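Look for chain A in each of the two complexes below; its partner is chain B in the first and chain C in the second.
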Partner chain A sequence: MSRRLAASSAALGLVLGLTLVGAGRAEPSRRPKYGGTLRVEIGAIVNSLDPAAAAANQVEAAAKEKIGALLYERRNADGTFAGTAGSGPFRIAEWEPGKHLALAANTGFVGGRPFVDSVEIQMGRAARDRVLDLELDKADLVEIPPEEARGAAERGIRVSTSQPDELVAVAFVAGRPAADDARVREALARSLDRPAMVNFILQRGGDPAGGLLPQWSSGTAFLFSTAADVPGAEELVSQIGHPPQIVLGYDSGDSLEQSLAERIVVNARDAGIRLTGQGSSEGPSGPASCDARLVRLRMPSPHPRAALVNVMGAIGPLIGLQLAPPAEGASAQQIYEVERGVVDSYRVIPLVWLPQVSGVGARVRDWKAPAADEGWPLADVWLEQESP
Partner chain B sequence: MTFRTKLFVVFTVALLLSVSVVAVGVIVVTRRAFDTLNRQHSEALVAQFEREFERRKQDVDNRVQGIADTEATVRMAIDLSRPKADVSVYVNDARGVSQSHQLDFLDFVASDGSIISSNEWPARFGYKMDWVTLTEDWAPLGAFLTKVDTQDGPAVGLMAVSTVRVGDKNLYIVGGERLGKDFLASLVLPAGMRALLYLDLDPNFQATNLLDQSGPVTQAERFAPFIEQQRSVPQPQTFKILWSTDAASAEAFHALPLVGREKELLGVLLVGSSQQEVVALERRIALLALGVVGMGLLFGLLLSWWGAARVTRPVRRLSEGAREVTEGNWSARVDVRGRDELSRLSSAFNQMVEQLSEQRERLVQAERVAAWRELARRLAHELKNPLFPLQTTVENLRRAKEQRPDQFEEVFHESTGILLSEIENLKKIVGRFSDFARMPQPELAPVNLNDVVRDIVKLFEAQFGAVGRPPITPELHLEEGLPTIQADAALLRRAIENLVLNAMDAMPAGGVLMLRTTHESGDVSLEVSDTGAGLTPEECQRLFTPYYTTKQHGTGLGLAIVQSVVSDHGGRISVESESGVGTSFHIYLPARPAQQTVGVSTPISAPEDVSPAPVRPVESAERTGRGDTVATATETEDVHSAPETHGEGA
Partner chain C sequence: MDWDNGLRALADKVTAVAPPPATIDLTMNNLSSLSADEVAGIDERLKSELTRRLLRLAGTAPVDVYLDVTLSEGTEGYLIVAQIRRGTNEETAIFPVSKGAKNGKRSGGVALEQQLVWEQPGVILDFALPPAAAGEAPTMIVLEPGRLTFYARKQAAWQIDQAVIIPPARPWLRAARGHIDLSQSLAAGRAGLPGIECKGDFQHPEAVQCGFVSQDTQPWIQGDARVPKAFDAGGDAAGVSLQCDGRPVVLATGKEDWTHSDFIQGYEMEANGQGATASGNPTEFGGPVTSLWWTGIEGVARAVVHNLKTGNYEAYIVTATCSQ
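And now, the complex of A and B:
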């Protein structure tokens, strides 16, 4: 029993250590080597590299952002990519939409030629296959769902975890009868057991979210409650008089969203709310019959104002937000008040914060988890040995 | 309906009833036998299900126990027994373990009843399953039925609970199989049988909860009443459902309630057995029975027919003999065979006919003697009148010769005149007797009575409107389509002419002479009516007696001739009369040929030109609706041959 306890403690320590590492601290540096092909596997399916083309879902959008950061030299003030594709550290060598993307090092990049000669990105790989490929040394860098980070670490995989910078929230669709009753929205918000979601579904690979900004960004996240208040929710439902019925839409291709939606169904039932989950592949807008949707909002910037403005801009039309975003140069208090206003409307219910988790292969060196406004730092990594 | 037909019907009905009873009995017994067999079949299947169910319970129990015995589960229990154990690590374990052990339901439940991991509802981690903790030791209970909450709604499962105890902490493994269409598919059913499962998961009957191997059952609402009965009183039950108007579509069901640990109804297993083959077999047997009944009936009909004919043959002979006697064949006799009642009856009949024949002979002889006496009396009376003046005249002659010779010449001439006159009178009297005695035998031929009547009326037309006498208006009511009769047209004319003459004599002040012909009851009838003074009842009684007359002149033989002609044609004549109104004569002649009467007394021997017809006196007087007496003359029995005579007034 003591050995088992020791092994468990070691695994936990490893996860924590890697998290710290992924929080911005680089590995001890060694002399980098040029050459090699970095093999990357992602779960998203990117059909178009054109930044102007709309993504089918939020997962694809996030992947496009990462790939765009490799192809373009810089960003504009509004966050869009500037320059032409290939002006960044890499250029496109091969492109099979939705399947495979090969990037070649751009020797003329102003920031310097990347250490690796090329990057091959396989798209649409399932999480289990990605992790397996990493274990079998068929991949060098893979995306790992936050809920599987713990298990991967326990199996000895190098896991890199960023600061939680992706918010998963429930957004009520404006104009829907269920969404128009504030008591229904508040009752649902009070019924949700966020810690259980983080502990069980995310396997502690995230943080409960009470507000629209993470603690490490705004510093005021702790002011937003994340605990469930089932009696309060039941009281609100009793005021309504009849069991509210809500249809919650989610991306049927996202297992995390599905698990969260199923848990929300169970929590809502405790409060007397009849909530049914409806998986759909219709993209961010979701099916017209949904009263609410699970949304994933990536922080484009670590700065709280920019992040809040992005959140409000992303979901404002969906929820019919009437509040104005914080103005340029707003103080922390002002930002907090705007955030509070949005959260207290219960038109958007924050659930959890997700980090970006990557599995890093044994030969990858100088990898560091990207920040909220950063893409993959593939230009800075190098490979210890050539790939077979 | 003849006696033979009645007997035949009785035999046939008796046979039909007997055969039908047997056939119905066979069908009923067969049906009961099939019902018993069917019930035994169903009971055997139910017993098979119960055995299978017990086996499955044991199997589920073993598999759950097997999970509890695995190292992974033991390690889980050890981990969870520690303070502040991290249960989240195991949140996804139930899915993999349930798949590897082929269980539909699997929950890992902590010592406090909170769900660690759930296969059927993964999101329910952390929620309580308190009922698991209420039982200290689950091992003796084995597997049981219970309602299971799943992500997709409630279900019924065959569940078992195993416990892994570490220190004072328990780890509960709750696993089981879903009771549904897959469970039904695992049952081995013989051909023609099927199993249905109703899952009692809702407050009211839900058609979608009734499943067979392929899913929800069509026309499930037909089962609603029986399911409701099970919900109120869960107990084994049998019932039948007729899916269409065809009896072969019937399906017999054996309902077996499925109850949980608290004896609550969780489902109903319905074992159905198609009645198609049974009904088909019953129908074949019924057809066979009907065939046997038909053959038996046919055979019985033939046998009944032969038997009835044989039994009724003596009766027929008896009836035939009686009919012949009725028609005048006094020599008719019935064969006497055997020694039963019918034979004795036949023998008695023959004896009776013999006696009647002898009595009739004696009666005829007596009537003949009476007739002769009457004739002699009439003859004596008629002859006496002219004989007296003859005698007187001769005596006058002798007296004149002796006493007044000078006047003798004168007296002689006068007396001879008287003598010749009276002798002429005598000759006339004798002539009329001779005519009556010489009535010819009718020569039958088809005759249309309407034509005869028309001819006679035409003949008398001139007399009806004769100058110097009040007119007589003839009225003819002759039925169209009157059938021809077998008759002697001349004799018939003579008879009708006599009636017409009588009617004319009865209407000296004129009136209406009506002649009507009709056809009824096999007879052709002629009515001759006048509007004269009418007759008294006494006159009607003696009307047809020869030499009876109500007129100052006439021999009194006219109606006697009419009666004789009618009798010779096998008919009858009657008269109705009312004083002051008129008189009607009705003649009825058979439409069939008149039969020659045989075996009656021979004609009376008489002088060659006088052969009076001995007639039977009027036998009965009947009252008609007119309130008057009616004299009915019956047939004469003699056959005469005489030269044709013309009608004479009565």
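And now, the complex of A and C:
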């Protein structure tokens, strides 16, 4: 048989095989099917898919990262995307910056052709509209803010929640006089009621954070207290005499940051600390007048050493961190001691851990909440039926 | 480090902080996925290590050292976290313990035991452990989407011996399945993916040839032919050529999709092949069972699991026996 004929026969075999599945013994329904369009809605507005172009804010940067992981085959050692756009599981079919992106399955992807034929991503959709579209079967996959996850689940929405992998923390800006006194920073850390932040602001859609690594990753987070110690904070304030006024910056476009900042102001005031919140639309860098800032840090890896190195690298310059990150091959004991050193400096005060929450439509199969080092697993999901 | 070594290291640490005959007040907490029985066993072993070092376990005051031990768990394994407090001094000592596969329990019916033989980050479609010839090193064959890899057991570890590259008929399908068939003999081995078959003398991998075939000639795609057609537990199933009280035994996976942890359950078939009853306890895995086949040895199946926690693909031997 010629090679060409053999190839044709193989192609026919593939078709026959897929057809015979239904004709012979019933194929288990959990076997994936090919075809269909996955409809995705996100809140972010992405204006450029060029990895080199700077994002306007953290929300856009995170969305660009997720989309990039669908377009590029792999990453370089430094985490940047390698190869050309379209070498990944999907290629761009249509692109309206800031509004809409259509992706088509890359049949030549080395990791295997995605199950779905295409993905439609609508951008800039409000959280309420996204959930509504999911309920009306106008969307298959939507992002849900962590604080709305519980309510969505109670409404019968299929909610997928990742391990909590995004840290929200207060970072004191190096060189600001108000942040110089370690007792001021410690007093603020002790005054915070993190469980209340989780229960009331996040509606239990997260975990209190005492350390820089979550319990599921390091196994040692329980060693870092998350309980408020108002008497301890008051004692420190009394030692200081006249505590300085602290200005806490946050992203005014981020309602969660705003709520957390308002809660911090209340906790601080209860302990005798003078702190005011200052919203800004200048993104993560914030205004220069802030003594401290709310920061959101997504774990790039589930492994504790890599995650701690990333956190220290991300906030080190801001807070003037002097400690060296844990070395390659560091033991659990060594990683804990470095983390303990950073936390006990009170230059960064962990607040809460947030998960990545998604609403998943009924016809979506094999959706798995992405791990800390994973993007959207859209190449792995398949649809029970074609698009309506 | 295993539990015994971890507990010994902890006992040595405590002895260094409080030399014998110090009195220790020990508290054990569990934040891991270990069961209460497993924690109780670890607690007993730690107490044994401490008393062997002539330390005394306190029931009442006076106490020299307070020892709070927490069994915890992270992405890299279990941790023994000890907070050792003597007077105003407190120190924290952490001892990692690697994870091992847990065994299934027996409680009558079909008893299942699982044994992890191999794991790797890349996809495993199927694997085989051919019987080793006298004087020869054991071998293992692993079928991946683009490769058939032959391993040899050397110095207590599996090492790649040879690999046969499987040319793609087209870009690999994500749902690719595979099957290794050594039922004729190792010298007439077959390894197939849908539309492709590699065959030849698997004792001499360099002679193995891969080519395109019609899927009509690959009956394994339809599942294990030994399983009665009426049997449907929702997932994959394999007959294992074992009978308990005259009833053929079939092993089957759960029916959830591949985003869930999974299990293998033994079933005893009715003589007419029309009915089946779950028998014994299932043996559980940390991810979906993506492949399940009989090994050719009575009661023994091979299973591939995609561990959702580690992301690795794991190869297990699952042995079914008839419990009394």
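The rule is simple: the second predicted complex is superposed on the first by the 358 of 388 C-alpha atoms of A that agree within 3 Å, B and C clash if a C-alpha of one lies under 4 Å from a C-alpha of the other, contacts with A are read in each partner's own complex, and residues count from 1 in each chain.
The criterion applied here is as follows: contacts are C-beta pairs under 8 Å (C-beta built on N, C-alpha and C of every residue); 3 or more make two chains touch, one makes a residue touch a chain.
Being a predicted model, the structure only gives us computed values, none of them experimental.
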>> Per the contact definition in the header, classify A:A371: touching chain B only (first), chain C only (second), both, or neither.
In response: second
>> For A:D193, using the defined touch cut-off, is the partner it touches chain B, chain C, both, or neither? Pick first, second, both or neither.
In response: first
> So, does A:T107 touch the first partner chain B, the second partner chain C, both, or neither?
Replying inline: second
>> Taking the superposition on A as described, I'd like to know which of chain B and chain C A:H303 touches: first, second, both or neither.
In response: second
>> In the overlaid three-chain picture, which partner chain does A:R204 touch, first (chain B) or second (chain C), both, or neither?
In response: first
>> Going by the contact rule set out at the top, does A:H242 touch chain B (first), chain C (second), both, or neither?
In response: neither
>> For the three-chain arrangement built by superposition, which of chain B and chain C touches the greater number of chain A residues?
In response: C
>> Using the touch definition from the top, list the residues of chain C that touch chain A in their complex.
In response: 31-32, 70, 72-76, 78-79, 81, 83, 92-94, 96, 145, 169-176, 194-196, 211-216, 218, 221-223, 229, 232, 234-236, 255-259, 308, 311
> Which residues, counting only chain A, touch chain C once they are in their complex?
Replying inline: 6-7, 9-14, 16-17, 20-21, 24-26, 28-32, 34, 107-115, 215-220, 222-223, 302-304, 331-333, 336, 365-368, 371, 379-380
> Residues of chain B touching chain A in their complex?
Replying inline: 75, 78-79, 82, 88-89, 91, 121-127, 151
> Within the complex, which stretch of chain A touches chain B?
Replying inline: 1, 4-5, 8, 150, 193, 196, 199-201, 203-204, 259, 262-263, 265-266
